[in-house]
Each structure stands twice: as C-alpha cells, then as structure tokens.
C-alpha cells in the first residue's frame, strides 16, 4: 500500500481524524439524459468517508448506488455538488481508485484471467513485472481461480468473472477500493470466503473501502459505516454505525435488531416525525 | 397457459405422475473446448422434473448450473446423454421454454422496456397485439417498472435490467420456465416481492419451473425439489425434497436443519460411506 | 480484526427532501451551445479546409492542374445556375441509387445465407476474397457481354463495388453479436429470416452502418471512373462524363466543380441520412457513443 | 399456495463419480473431419466456381472477351513459368504493401484523434464524407503536382483508397466499445495513446479487421486501375500494367491470368493472413463466433 | 437491318461523325435506300480498348479508334469475327512536342525526359513512335522510347506541358491539344509530326465493324457510308459552319475561332479516304505486333472503301 497508514496516535485526539475525511461528497446530484429531459439518479447526497472506513452504500434496486460509485470513480460528473478525495476534487478516473463494477463484461475479453489481473498493475505502473506476476498468482489463489489462470473470460461462469474482477482490484492494493455488488453472483460459501479475504486484507493494509450491496447482513458484516439510500431519486435516508458487527456476532440480538431497523429504514415510507435533520 | 394443467385426479394414483416426468435428463455430460482439449462442465447428470415442479439447481460458483440450464434451453448440445421434454429430445431452443439468463445483456438494446416484454410475445405469436400489450403492462407493474416502460435498457440499473428479463419471461406464460439466478442482483425487499410474485403465478398457472440459484434459503422457499451440484466438473450430489418449506416457516427448526444439511452437502468433501447409490 | 477502532460516529437519520419534479437541461454559455451543434463545428472544419485549399492553389499557381477554391466555386455556381451540373448529377444519382439498393439487397441475401449455413459462410468469404479486389475495368468485358452498353453494365460494376464491402462489414457485425442476445432471439423461436431481421441486423447495426457508408463512397468512386470509360449514351452522360469532357477541354475549374458536387453530395448524405440514422438508432439505443 | 401436493419423492444422496481426467475431441466420421477443414470446403467452392466459369465461357464462345478457365490457366502457368507475371506481381505488391502500411498508420492517427477529442471527431467525419467518394483519377493532377510521376503518386492514390474506409470502420468500432470496458481502461489510468492501443483497438478488433479486409481489397482495385493510368515509368510496370498492355493487344487470356493473380493473392491473403489473425485473436477471445 | 449503334471518341478528330449525327445524314440516306425509319444510336466511349470490347460483345455495331488498334483487332479476329475498317475519319497529324529546349530531334531525348502518350507501348502514338524508332535505331531497339513513355490522358499531359516544371516535358499529342499547348506556352515546340514518320498526310482514326454487321445490314451500311461521304462534303463546303456544328453537337466550351483554326488548318483533312494505313500494317507486322501480313490495305477495309485510298 502506497499511503502510510495514519494511526490514531496518542498525541492526536480521535476527532482529529474525522476532521479530515478522505472522501467527501457535498450535496451531490447526478442527472442522466432521458429522451428530451433529464432524470435525476441521485439527489443532494452528502457523505464523509474517513481514511480506513469500510463504507457501505445500501439501497433498493435502482436507487443510484452504482451511479454514486461511478461518480466517486470519476466516470460520471455530478450536475451539482462536489466530490473531493483527500481535499482534491475528483475530475477523472485513476488507478488510485480500483473499481469492481457490477457488470460481468468488465474484463477485457482479449486477456486471459492472469493477464486481466496483471493488466492494471502494469498499466498503472504499480510495480515491476515480477512482483505483478507474484501478486496475480496470490490473488487468483485467494479467489479460488488459480486453476483458471489461462482461461479467457468468455470461458468462465458469471460468478467466476466477478471473482476475477475482485482479484484484479485487490491486487492493485489501492488506497481506495470501490466495489459494486461484488459478491452478488456468488454462492453462500464462496461469498463468505470472499468477505473473509476482503476483511483480512483490510486488516493488513487498512485501505479505504466503499462497498455497494443490497444485502443487509453483508452490509453489517463488511462495513463499519452504512449509508442507506432511498430510491427515485436516490437520497440519503440514514447513516448507521456498524463497527461492532462481524461474523462472530452475526446471530446476536443486536445484529438482528439492527437488521430489522435497517430493513425499516430501507423499505418503510419514512415518517417525517422520526427524521432528524442533519 | 397453453397446456391444460394435469391435476392428480381421484382415479389416478399419485405415482402416475412420477411415471412420466415432463423433463428428463439422462446421464448428461457437457464439454467445452478450451485450447487444444475439452473441459467437462457437467458430468453424467440424471434428473427427472415432473410437471408442475419448482425444480431448483443449487451449487457453488462454476459448478455448471448455467450450462445445464442452457442445455435444457436447447442452446448447448450435450456431448453424452439425452435431455427429453415431454418425451421428445431437445434439439433446439423454442418459445415453449422461456429463459431468464444470468447476464445483464440479455435485453435487445434497441427495444424499450415495454417492447422488450412484447418482443417474444409477438415473435412467438403467443397472442394478439392487444393482449400482448395488456400482458406487458401487467407484468411490468408486477416487477415495479411500469414507470420505466419507455426507457431503453442502457438507461437501467443492473437490477432493473434483470427485472425486465423476469417480466419478459413471465409474460410468456410458458409451460416450462427456466431462470438463471434471476434475483441475484436484487435487494432483499425487491427479491422477496419477486419470489412472492413467482410463487403466486405458479399457484395460478402451475407451470414447471427450473430455477438456478446459489442461495440455500431461496432454494428452499422457491423450490419443491432441489438438486445439489458439486463443482469441477458439475456432478449431482443430492436431491432434496423441499415441498414443505415456504415463507411462513422460514425460521423453523426443520428449515434451519435442512439449510445446514444442504450447506454440508454443498461444501463438505463427501465421505464415500455416507453416499447412497441411486 | 477491527483492531484500530476508528472514531465512533453516531447513527443519523435524514428527512427525505422531495426531488425536483422536472429537470431542465443545464444552461450552457452561448458559445458552447453554438459549438454543441454538429453543423456549426463541421462548418468551421470546412471553412478551414477551403482556406487551406485556396492558399495551396495560389501558392502552386498552376490553375490548369489545381484551380483555386474561388475559381472552383465560381464554376460550381455557374454550372448549377445553367442547370447543366444539376442535370448531370441527377442522371448519375439515379443510376447510383438504383445500384446501391440492388447492392444492399444482394449483400443482405449473401450475409443472411452466411448467417444461416456453413456453406453460405464459405461462399461469402471465398467470393469476397476473390471478387472484392477486382477492379471495375476487369468486369467491363463481362458486363458488356451480359448487359450491353449503357445503364445495365454501369449498374453491374456499381453493384460490384457496393456488394462486397457491405457484405464483409455486415458479416463481421453479425459474427460479433453477443452470445446472450443470440440466445434470447432463438429462445423466442426466431429462426431463418426473422432471426436475421429481428436480432442480427439491429444488433449489428453499427457495423452495417459503417459498411453502408463505405460502400456509398465506393459506389461514387466507381461511378465517376466508369462513366469516364462508358461515356454517354445518346447524350445522357452523368457527372463522370461532365468531368471527363471538361477535362478534355482543359477546363480544370469545371472538373473541380464536378468533383465538388461529389463532395457536397457526400457531405449532405452524411449529415442528413447517415447522421440522422445513427441518432435515431444506435445512439438512441446506447450502442454507439456520442462523445468520448 | 402449494395446494396441489405433488408426489412425494425421497431425498437422495449420490456418490460422486470421478470425472474423466482428460477429454479427447469427439471422434467424427472421416468425411465430416475432412469437411471440418476450412481449406477443403473452400476448395470445393473454388472448383465449382471454376466449372461454372468454364461452362459459361464455352457457351459464350467469345474468347477475346471471356476466355475459358482452361485458357486462362494456361496463360497463368506460362506467365508464371516465364517469370514475367511474378516479377510484375512483385513490383505491384511492394508498392501495395508500402501504401497499405502508410494508410493504416494514417487511419490510426485520424481515429485516435477522433477518439480523444471532439475536433478530431468532426475532422474525421467531415474528411471521410468529403474525400471517400472521390475517385483516384480526381486526385491524379494533384498527385502529379506533389509527387511527380512514379511510385509517389501511385502511393498517394493507394493511401487514399486505404485510409478512408479503414478510418470509417475503425471509428465505428471504437464508438461501439462497451461502456464498462471503457471505464475499466480509464480506471487503470490509461489515457491518450495507451488507452487507444490497450483498450479501444483490441475491443474494436472485429470492426478493424473488417476495415482492413475492405481496404486491402480496395487498394488492389485502385492499384490495378491506377497503374493503367500512371503506367510505367522506365518499364517497371506492375500487374496493372501487365493487364493493361495485354488488354490493349487483345491477349485476353493473359488479361485474365493477371486478374487471376489478383484473385489468387486475395484468397491466399484471406486464408493465411486474415483468417489466422482472426483465429488467433477475436475467435480465441470469444469476440467473434466461429459457427452459427 | 434498320438499326445501327455507333460510338465515337471525344474530340475534333471525330468531326465527321458529329456532322452525320447532327444533320441526321444516316436517316436521310436510309430513306434513299428505301429503308424507311432507321434507328441510330450514338454513344461516346473513351479509349480504343473499351471500343474493341464493346464491338466484340455486340453492344455496338460501329466503333472508331486509331489505325493501330483497328489493325490489332483485325489481326486477332481474322477468320472469326473478321473485323475490318469501314472508312477513315480524316488525316490529321499528331505532334511530338516538348518544352525541353535541348530536345530538337528524337535523338536528343535522354533518360530524364518523359513522353506522355495516352497508352504507352500500344496506342496510335506509341506505335507511330516505335515505327520511327525502328527506322532510326534499328528493328531490335524499337521499344527504346517505351521506357520513358508515360500513359497519361491528353488533357493532363497538356496541362503538365503548359505549366512546365514537372517531369513530363514531352507529349505525343493530337489536335486540339498540341494547338493549346503551343499557344499557351511559347517554350513548347514540335519535335516530330506523324506525317514525317509516315511519309505524308496519313489517316488518324478509322471506323470499323464486324463482317457480320457488314453482311447482314447491306442497306444500312450503304446509308452509313453515304452519310459519311456527305459529311465530308459538308465540312469541306463551309468550315465555319462545321466549327459551329462541332461546338453545338459536343456542347463544347472551346472558342469558335479556335475550333475554326483547327478545321481550316491545311494539315487537317477531314476525309473518309484512308491514307498510308498500310505503313502501320507493314511495320507492325515486321515488329511482330501483328501476326497476319496484309497484302494491301484492302485486306482490312471493306469493299465499299476500295474506290480510293492507300
């Protein structure tokens, strides 16, 4: 990992960290053209993602999660508001933000599985050929595709393609990792393994993660902070702290209660009285 | 529904049904070319799907679920064994088997959402223009996309695309419905609603469903019979009856136990002693 | 895991603000809005090209070989005013359009066959590899044998120049249609011609459009070249004949006026036909990017 | 729900049989294996075409216009044996290849510009719409002015015939590259030339290949036609010159032998270069179907 | 019988055909032959090759080109279609001109010079040059100037000569191009005339057809021949009128004075009588271009032309 990890030191108060969020969204709205007029995909969303956060975007289908992630990736320009990364406005994509897209066709079909993992490493000049090859081997093994290193993407199943994309992003060891429903196509066990790997890597490198999912349990287990979005257009509904949840307490009463609470926030029509103006 | 529903009548013993399965797979193996040699995707699988079954194919990522479904759809030719539908060998695809594919790019991009639902109805001459339009309206509403009827596929989110594909298949009201992880891209609530709709439609029309999923709970709730596949190559590991499970008893001890049992069948290396030769 | 506990932040719930009901296009500065318009930007390109031409021609100062833009413009205006240029263009255009349509139909038949059967595929790739490189003059004797002098032969060589490139481009487009879309189409029970028309053609439309553009251009090239040789039957020569005749009399400005007519038609067809087609189809369907 | 309870079937567990360790290609009957081979099937097509030609020519019985296949073959063999045909072909091929490479480079520059900037896009579409329909003879005077007689001018018109169709096809291919792939490439920090080379070109390869085929064919067409006009300075005429001379002297069998050489080269290049390229790239990558 | 399809090439050398067409002389003489309404189709085709192909394919009945291409076709079709000439279209000289002041005679041409001809090695101009070369440099060296010959259409070559400065500094040119070149650029001068080579006024272009047409359409053929004769008289009678007719018929934009100057030039004789065609027949046979030896010019002309000529 390029950035030295900022540890909350003894001389700095814990709030010092929160004073300078790594990623800041300020009143971000994003519109898409549709026929003659514009359609609003996300509406005035403000979020702060701290260094080392595992930040989850949770919301119903079509609520603008992917759109928001693409804006952070620099692929989509907001029509209002600003997105800043380490104080600088995001204007274009870059290898400092590795992205796992939701679509299966994100792997260049002309590269084998191994080359696909190597590609961004070499393109972004992250590391030398030799180290890149080692990393590729390592991360392909982590996602269970070592045997398929020489296959081409069109010879893989849907879930296998997504795992290659995950390996590719992880091998980049980026400061900021953006993942759009990376585990949606995976079975229970593979998914669990991937979640484990992701958290272990986070433990090792303490990168910042922005993670899109539609599964509440996954949000609680993977994230330490969850932003809940409401659909049409995507607006921020709530932010929940989930630092305390992990695999070990996935069955606990607190876990169940939070799941229920998030379910309510996601799917019940909000009562104005319950809202707290931010 | 075209086929009159065969009800187990008073004069026919219940076993009469099982004597003539609607869909029969006999020792089906499927190979893909990979470089110079062939790779076996599914190996000697035999299955019987009865009229009105909600048959689930469950297995880890890459275990050949999609391959098997494509073979039933008539898109892939087995290299060994035979697949028969109502006694006739499947040689090519046809509108009697509506398919929801796993990929997001299954919607012709040159048709709006509504036209996409209408397309197979008119192409397969299922019904007249007027009835087709009504059905399209109805099923788009069922998947919650009535508002997006005039949008083009590229203007939809991943989950929305999958829902269009679901509406398209349901509107066909086919005798045999093949669905490949149709709900993987959907959030908890939307997924639950879709499952409900699917079961309600099954209740109404009693079509036969072959449903691929990687989620054990979904398998139990949606299916009445579950085939569990082991990977590399895909082989049949077990068949489980799940008629007794539904949303109402999703928390029951039996449900939990069966979940655990399936989990074991899926992911533990089989002990030869435990196996029962079929 | 979770060793370094981060600052604890409280849970927050927000009141959902209503979204703006209707969104207008963002206002652009006037000059950008003008530049937004295709025609304006291309107009600028054209003006620059004309200026370069004028400068080059003046510098060469050899108007028998390369007349200036202004001279050409004058000859063009005169030709149009006298009606001569328009009549000749009309004659050429009518032959061209007929041949273009026949060529498209033939290409469609060939590629549909290729899409359906392996024999068709072998036939297509062998025939294109063989005939595509053959120049029109090579076909001339055969064309004369079969169609005699006049439109028949002209159309034969024009069809030859439309058919092969279009068939090649279309076939490449068909072959690149994604597997999932093909499966969807076949799942609907589409087969044969309906499959080609309802799945392959729209899915391969970007490739087909580029093939149409290429073969349109080559039809013009062939027409002008062939009219030089075939000349005029009963005084009914087209644009190629106009160019040939004026070339023979060393009226180079008129020669360039004739060529300018080809260029103008090319630009108009590109702007009115092909762009419109693209806007209404592939761009609208998200199958072709409009910007980078 | 679940009202009509179906027959209850017992749960079953199976012992996993080991998969066959290595799979051999399925055995095909001998005649199918032979037919499986591209060359064989295409050979059959060629034989049929030759037979049709022979029959047609005999029926027409006008060997000054349409010699028979056998006569042509004899002239071809004689031409090759005497070395004349080979020498001429060599001369033509060398000019052709040089121009082809230059044309490809120019098309690459133009389309890369178009991929990067809007001005580039305007320039590309305006220039192609303008220049693509212009016949080579129109460029002759200008070519003479700038490059004089000989190879320079010949290459100029050849580049003209390669550049525009290739640029059109490539640009269409670029524009059709799926959004997700583009985003992946830009996510790697690729920009400018590296983005074009590492993302757009491979992703648009099917379109580029069809453009290459088309422009290869058109380079031949133009070469043959242009050599007729430009002829040969100092006796170094190529294949077009050979055809032209023999045509003027009514040695039609030799004319057809020269054309046959073009066809043979077309078939060889298709089979050896383009097919191989396709097999090693787009087919291997699953971007182009091999069968229906 | 009753229809005739004729093709001419472009330019003043085909003036007689313009007169026939404009004055509807075939129709007139057909009536005199008792043929009634004849159908006459006029085409314009460029180049002898296309002419020959059109004739062989049966797309045309009568075509026109220089003497050498006609002889080649006669040679190749002898015993088959038996193509022969109908009549000449006029004796007009072709000039070998240059803007290189150093070149005064054929011997002065060097490797640096380039001679433009419409069809290098085979056309009227090249053949004429080859005959002279064989005379001056020996029979084996008759292709000596082919290596510095360039195939270029007359107008482009003329433009190059007038402009100067290009590699093409010489041109074997026919009317009206050498007039234009010598008018527009004083440095352009004559090196050689085809009349010098052939020994006097000689036929430039001829009309020719197949034996089949000749034999199966005797009346039409006669009417056509009579029309040509009358056209010759028409031009001889009033050259200004002929010039006007040319401009009208060809929709030419050339100035009247210029056209009249060409028609009035005593070197240019618009006659249907062939002159010195046998020089080509003999010389080209000697050079091996023709396989058949013509005993006299009557071998490759139809009988109707036998009254006069050489």
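For reference, chains read A, B, C, D and E in written order, and residue numbers begin at 1 within each chain.
The rule is simple: a contact is a pair of C-beta atoms (placed from the backbone, for glycine too) under 8 Å apart; a residue touches a chain by one contact, two chains touch by 3 or more.
Labels paired with UniProt names: A, B = ABC transporter ATP-binding protein; C, D = ABC transporter permease.
No experiment lies behind these values; they were computed from the predicted model shown.
Asks: Which chains are in contact with both chain B and chain C (ABC transporter permease)?
Replies: A, D
Asks: Quick one: which pair of chains has the most contacts?
Replies: C-D
Asks: Between chain A and chain B, what is the separation of their C-alpha centroids in Å?
Replies: That pair's centroid distance is 30 Å.
Asks: Based only on mean CA positions, could you tell me how far chain C (ABC transporter permease) sits from chain E in angstrom?
Replies: Inter-chain centre distance comes to 42 Å.
Asks: Distance-wise, how many Å sit between the C-alpha centres of chain B and chain D (ABC transporter permease), to the nearest whole number?
Replies: 44
Asks: State, to the nearest whole Å, the distance from the C-alpha centre of chain B to the C-alpha centre of chain E.
Replies: 82
Asks: Residues touching two or more other chains, restricted to chain E: which are they?
Replies: In chain E, 53, 56-57, 153, 156, 159-160 touch at least two other chains.
Asks: Would you give the residues of chain A that are in contact with at least 2 other chains, written as numbers and ranges?
Replies: Only 39, 103, 105, 154-155, 232 qualify.
Asks: Two or more other chains touching the same residue: where does that happen in chain C (ABC transporter permease)?
Replies: 62, 65, 141, 144-145, 179, 228, 252, 286-287
Asks: If two chains touch, include that pair; go through all of them.
Replies: A-B, A-C, A-D, B-C, B-D, C-D, C-E, D-E
Asks: Within their complex, state which residues of chain D (ABC transporter permease) touch chain C (ABC transporter permease).
Replies: 38, 41-42, 44-46, 49, 60, 62, 65-66, 115-119, 121-123, 125-126, 128-138, 141-142, 144-145, 164-165, 168-169, 171-173, 175-177, 179, 206-207, 209-211, 213-214, 216-218, 220-222, 224-225, 228, 243, 252, 255, 259, 262-263, 265-267, 269-271, 282, 286-289, 291-292
Asks: Show which residues of chain A lie in contact with chain B when the two form their complex.
Replies: Per the touch definition, chain A meets chain B at residues 32, 34-35, 39, 59-62, 66-67, 102-105, 147, 150-151, 155-160, 163, 181, 184-190, 214-216, 232, 263, 266-267.
Asks: Which chain D (ABC transporter permease) residues qualify as touching chain A in the complex?
Replies: It is residues 178, 180-181, 183-190, 194, 198-199, 202-203, 205, 281, 284-287 of chain D (ABC transporter permease) that touch chain A.
Asks: For chain A, which residues are in contact with chain C (ABC transporter permease) within the complex?
Replies: Going by the criterion above, the answer is residues 7-8, 14-15, 17-18, 31, 37-40, 43-44, 50, 52-53, 79, 154, 199-200, 203, 206, 224-225, 230, 232-233, 235-241, 243, 246, 265, 270, 272, 274-278.
Asks: How about chain E: which of its residues touch chain D (ABC transporter permease) in the complex?
Replies: Result: residues 48-49, 52-53, 56-57, 69, 72-73, 76-77, 80-81, 111, 114, 119-123, 146-153, 156, 159-160, 166-168, 289 of chain E touch chain D (ABC transporter permease).
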